[in-house]
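Shared between the two complexes below is chain A, which pairs with chain B and chain C, respectively.
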Partner chain A sequence: MMEEQKKSNKIILLAPFLLFLAMLGVFWYSMGKGGGSSVELPSARLGKPVPAFELTSLLDSETRVTAEDLKGPLLLNVWASWCPGCYTEHGFLMVLQKRGIPIVGLNYKDERQDALAFIEKFKNPYQQIIFDVDGSLGFDLGVYGAPETYFVDSKGTIKHRHVGIMSEALWEAEHGAIWRGLSE
Partner chain B sequence: MTAEIGTISLILAWVLSTLQSISVFFAYVKRHGSSERGFHWWSFLNLTSLPVTFSQFLLLSVSFACLVHAFITHDFSLSYVAQNSNSNLPFWSRVSAVWGGHEGSLLLWVWVLTLWAFMVAILGRSLPKTTLTLVLAVLGLVTSGFLSFLLFTSNPFEHIYPYFPIDGNDLNPLLQDFGLIIHPPMLYMGYVGFSVAFAFAITGLIQGRLDVVWARWTLPWTIVAWAFLGCGIALGSWWAYYELGWGGWWFWDPVENASFMPWLSGTALIHSLAVCEKRSAFKVWTLFLAILTFSLSLLGTFLVRSGVLTSVHAFASDPTRGLFILCLLAMSVGGSLLLFANRAHLINNVGKFKWLSRESFLFANNLILTFALFVVLLATLYPLLATALDLGLISVGPPFFNLFFVPTSFFLLALLVMGMSLRWKSNPAMQAVRQWGLRCLIGFSIAMLWIQLSGFGYNWRVILGLGLALSVVVAMFDDVIDKTKHAKNRWDGIRRLKPSYWSMQTCHLGFAVSVIGITWTGLFSTEKDVLLGVGETWQTQGYEFQFNGTQALDGPNYNSVQGRFEVRSPDGALITLLPEKRHYPVRGDVMTEAAIHPGFSRDLYVSLGEEVSPQKWSVRIYIKPFIRWIWAGALIMAIGAAIAISDSRFHFKKIAS
Partner chain C sequence: MIFKNVTRLTWVLKPVLVLSLMLVTLVSHATFDAFDFGGDSQLEKRFWQISETVRCPKCQNQNISGSNAMIAQDMRKKVYQLIMEGKQDDEIYTYLVDRYGDFVMYDPPVKKKTWLLWFGPLFILMGLIAVWYRKCFGGSVNSQSASRDEALTEAEQKRFLKITQDSSGHSTSDEGRKA
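Right after this comes the complex of A and B.
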């Protein structure tokens, strides 16, 4: 009788630990899924074409850029001179450019002078930069913050989205494969 | 050079804390195997544990000072400084920028931890030597874990080489504010303060015994940590109210929940420790709560830092960091819960009580608080669960929380009206019920009168909310009268009541005051978005808002547009409100600075939206009745906590003897 009670007590005492294990499992799973920082926020735009827009180029305010110009495969990289992460990311974008991967920049809610100074100082990894001063295209895309990178295929469809800084490690781990899938 | 000193101090502290905890636990286990051998080794550890704890505190202080120095002197060769500061930043903002980002706030976290350990070492010299050594070793283990996290994944002293920026990225403007200078340190004092109760609980489990002295020792530390956490949460809420420009004071955001959960379980812990101390009951449950409270503090840190939950507080996150802190969480919480499962049966629960007694009501209090805590926990983690079970990305919104918390707090208040006067062990039923009915009758009558005078109108929520809160206040007075009725005279009786009694009363008063504030604000706030041209007016509840145009202003690291509003209140007074819209060029952020006219019975709140057409602005106007009472309640609770630690039965020398 006493022994039995002791046994059931022990099971109750173990319950918090088991619950905690289950919670850890959920954390582990969601971190693996999101890769921690690289939160793959599902975008309403995923699998849909780049929204229609008409904006000018950062480097030349006479040049018009529209959704027609975003026929990939290419990377659409959201950046701004006010964004600390973009300074960090910039080096790796230069690497991607050297590998011949076309990147279009979306300069998001920035001042033209600041953005130009950024490009001048650190060099330009982009083949074209869209100047989105009031963030209208960013809004339509569902931009969460800078930096962000969208993978656009040859039909102009958004296939994949990465929120946060793109790095060699992340590229190796998953994004490189997605890119190769796009360009085939 | 200072950066190197900072890093070296961190490494030294890490080595010290790791050696301390490993050697103590190892020696303790060994000593139990054979009592004679290794005895000298143990007395050596007893002797060194104080200086080792002092040194950790000293080293962390040096390291923290180095980081502050780097910020003050604009050392942009440190990547952390470059990302969070700027040469135009005013002095105090530069100091608070030290904990504006991940690395610095973690350093602050560990520094506070060593500060608590230091305090335990100083005040605990009268404790049994073995107990103190074990407690400090547990704290050392936590320090060691967090220092390794800091050193391996987020060293704030990392240099940017070879090309470091000439100027920094500036601090997030949201954080350039007085409220934010003291909000994180307060919060951390609370979070980390629960580590003391945790360390005592673990020591109790290791030693397999728990007595009244244990509870008497743990209680004051828990109360202080709880008060700091409460103040920290209130400050955060106050800051969100005036800085975010939304006019709200609580958003059920994951990060807010992360700080609210340890507060809930800390509140439960204080109540169950009280039973532990007075009646030697609830021991195992108290142990569990002590572990749970600190675990929730760790969980809060994990949720905020790992980026698994997206929130308005979103910090830059990094996969290695998330993984590291997950491992830290697994080891510390998992380890202590396993220890609990294996050792808690050694602790015997004594103390019998009837269903109508102070114990049973405190138990009910604990049940409700823990239940509320698990609801918040589940709702906060729901998005993760939903993703794991493939239900899509959903989050549980404020309506759910409000629906749940309104009846829960009503229930707590109703119990409190009776519970505060109940006797231990058992209480005559008729007397308790009669007392309860009378108190509620008076409380609800005052509430009805108040609602009538306010002119806002009746509904069941305001009647219940005010009625129950005021019944608690009535009950407090009634209880004081009851407790002093046998004294020679009233005044003498009142003076004989102990600080711990006044502390309980004050904290409960604070709770009632907060509930009153929440009830009024929640039910009768006016929130209007209006379009106003220059010279136009808008009227509500007898207040007349006139918009008198805008002007440009320049601040130290921002430029702004300031609107001018003249408000005529119902009693004829003229109030000027000057809301601003600030633009911080370095980061490109735009911030809304609301103008608030605070008052005892209402706040007027104006914030500037966009200039819709020339000279026509969208304006947000709020009238918030009794909103200050919410934070005043938190302040009263903190005062209550301060009274508690002045109680002579907590004076540490006395406890030991």
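Right after this comes the complex of A and C.
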């Protein structure tokens, strides 16, 4: 009897340590999975059409752009001159443009002058740039930072959203297949 | 006996103390932008209620009232706009969830996907209560076994008697000598 009680006491004493190990495992796992500080959220807009909007073009403030202009397949890339990741991503967007992949830019909460300077300095990978100065289209899309990229099919339906920088490695791993899936 | 009761008392009190410490929270507002509700405290109250129960998608452990991330600011602005447009609370929540998903609700709907989230902690709590209950009121089984353990064996009883008799003998003889 005494022995049994001692045993159960020992298990209770070990419990916090076991709990600690379990939590360590969970944190370790989610660290590797997230690869960063925050979890990539699934978009609430998947499978839905690009929300209706009416904005102007960054390059020509006279030109109106609406959801009608976003019939793909195309990539809708959210960027801004204030976004450090967008400088990193820019090079790969140029590569995609050379491969003939149409990219529409969504210039998100930027100053027109700064955005134009960015395009002038680094070249323009976009076939059209939507100037969303107050982030209204961004909000309707569920954008919560930049860069973000939406994969839009020929009907204007959002099929995929990538949060963060796109790269050759990611394109080969998943985005290429998603892109090819858009035209099917 | 007194000692035993004291240990039992601490075992009862300890979890109560720990649990009550868990109830202490530090509430913080990040009031960087001033919204004008035209002196309508009811509207302002609703604004705070909503922005405290909506989670910031960028800074994932904060509500939108406690964060100054750009998206949190925009969401606060949107909540303000919608309130001033005369929208009801659930319309505002739906508006945000349509765009940012269930994730932004601190109070997510009960679905198959969120089942563990809702009821997992309850199971853990039940387990802890069971362990704690056994420890405190550890039933008659434990106390009986304890008293049986404390009961003296025959040999011990003989020794006990011998010691007590011896000592009483000594004392009387001492007293006898003194007297």
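Assume the second predicted complex is superposed on the first by the 144 of 184 C-alpha atoms of A that agree within 3 Å, B and C clash if a C-alpha of one lies under 4 Å from a C-alpha of the other, contacts with A are read in each partner's own complex, and residues count from 1 in each chain.
Following the convention adopted for this analysis, a residue touches a chain if its C-beta (ideal position, glycine included) is under 8 Å from a C-beta of that chain, and two chains touch if they have at least 3 such contacts.
From a predicted model like this one, the values you see are computed outputs, not experimental measurements.
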Does the superposition put A:Gly142 against chain B (first), chain C (second), both, or neither? second
Go through the superposed model and pick first if A:Lys159 touches only chain B, second if only chain C, both, or neither. neither
Kindly classify A:Phe20 by the partners it touches after superposition: chain B alone (first), chain C alone (second), both, or neither? first
Using the touch definition from the top, say if A:Lys10 reaches chain B (first), chain C (second), both or neither. first
Answer with first, second, both or neither: which of chain B and chain C does A:Lys109 touch in the superposed model? both
In the superposed arrangement, which partner chain does A:Ser81 touch: chain B (first), chain C (second), both, or neither? first
Report for A:Trp28: first if it touches chain B alone, second if chain C alone, otherwise both or neither. first
Touching both chain C and chain B, counted on chain A across the two superposed complexes: 38-39, 41-42, 109, 145
Taking the touch rule as given, give the residues of chain C at its contact with chain A in the complex, in rising order. 57-60, 70-71, 74, 78, 97-103, 131, 135, 142, 145, 148-149
Sort out for me which residues of chain B touch chain A in the complex. 83, 165, 169, 284, 288, 292, 295, 302, 306-308, 310, 314, 316-323, 326, 329-330, 333-334, 337-338, 340-341, 344-345, 381, 384-385, 387-388, 393, 585-589
Chain A contacts chain B in the complex at 6, 9-10, 13-14, 16-17, 20-21, 23-24, 26-31, 33-39, 41-42, 80-82, 84-85, 87, 109-111, 114, 145, 164
Seen from chain A, its contact residues with chain C in the complex are 1-2, 5, 12, 38-39, 41-45, 109, 135, 139-145
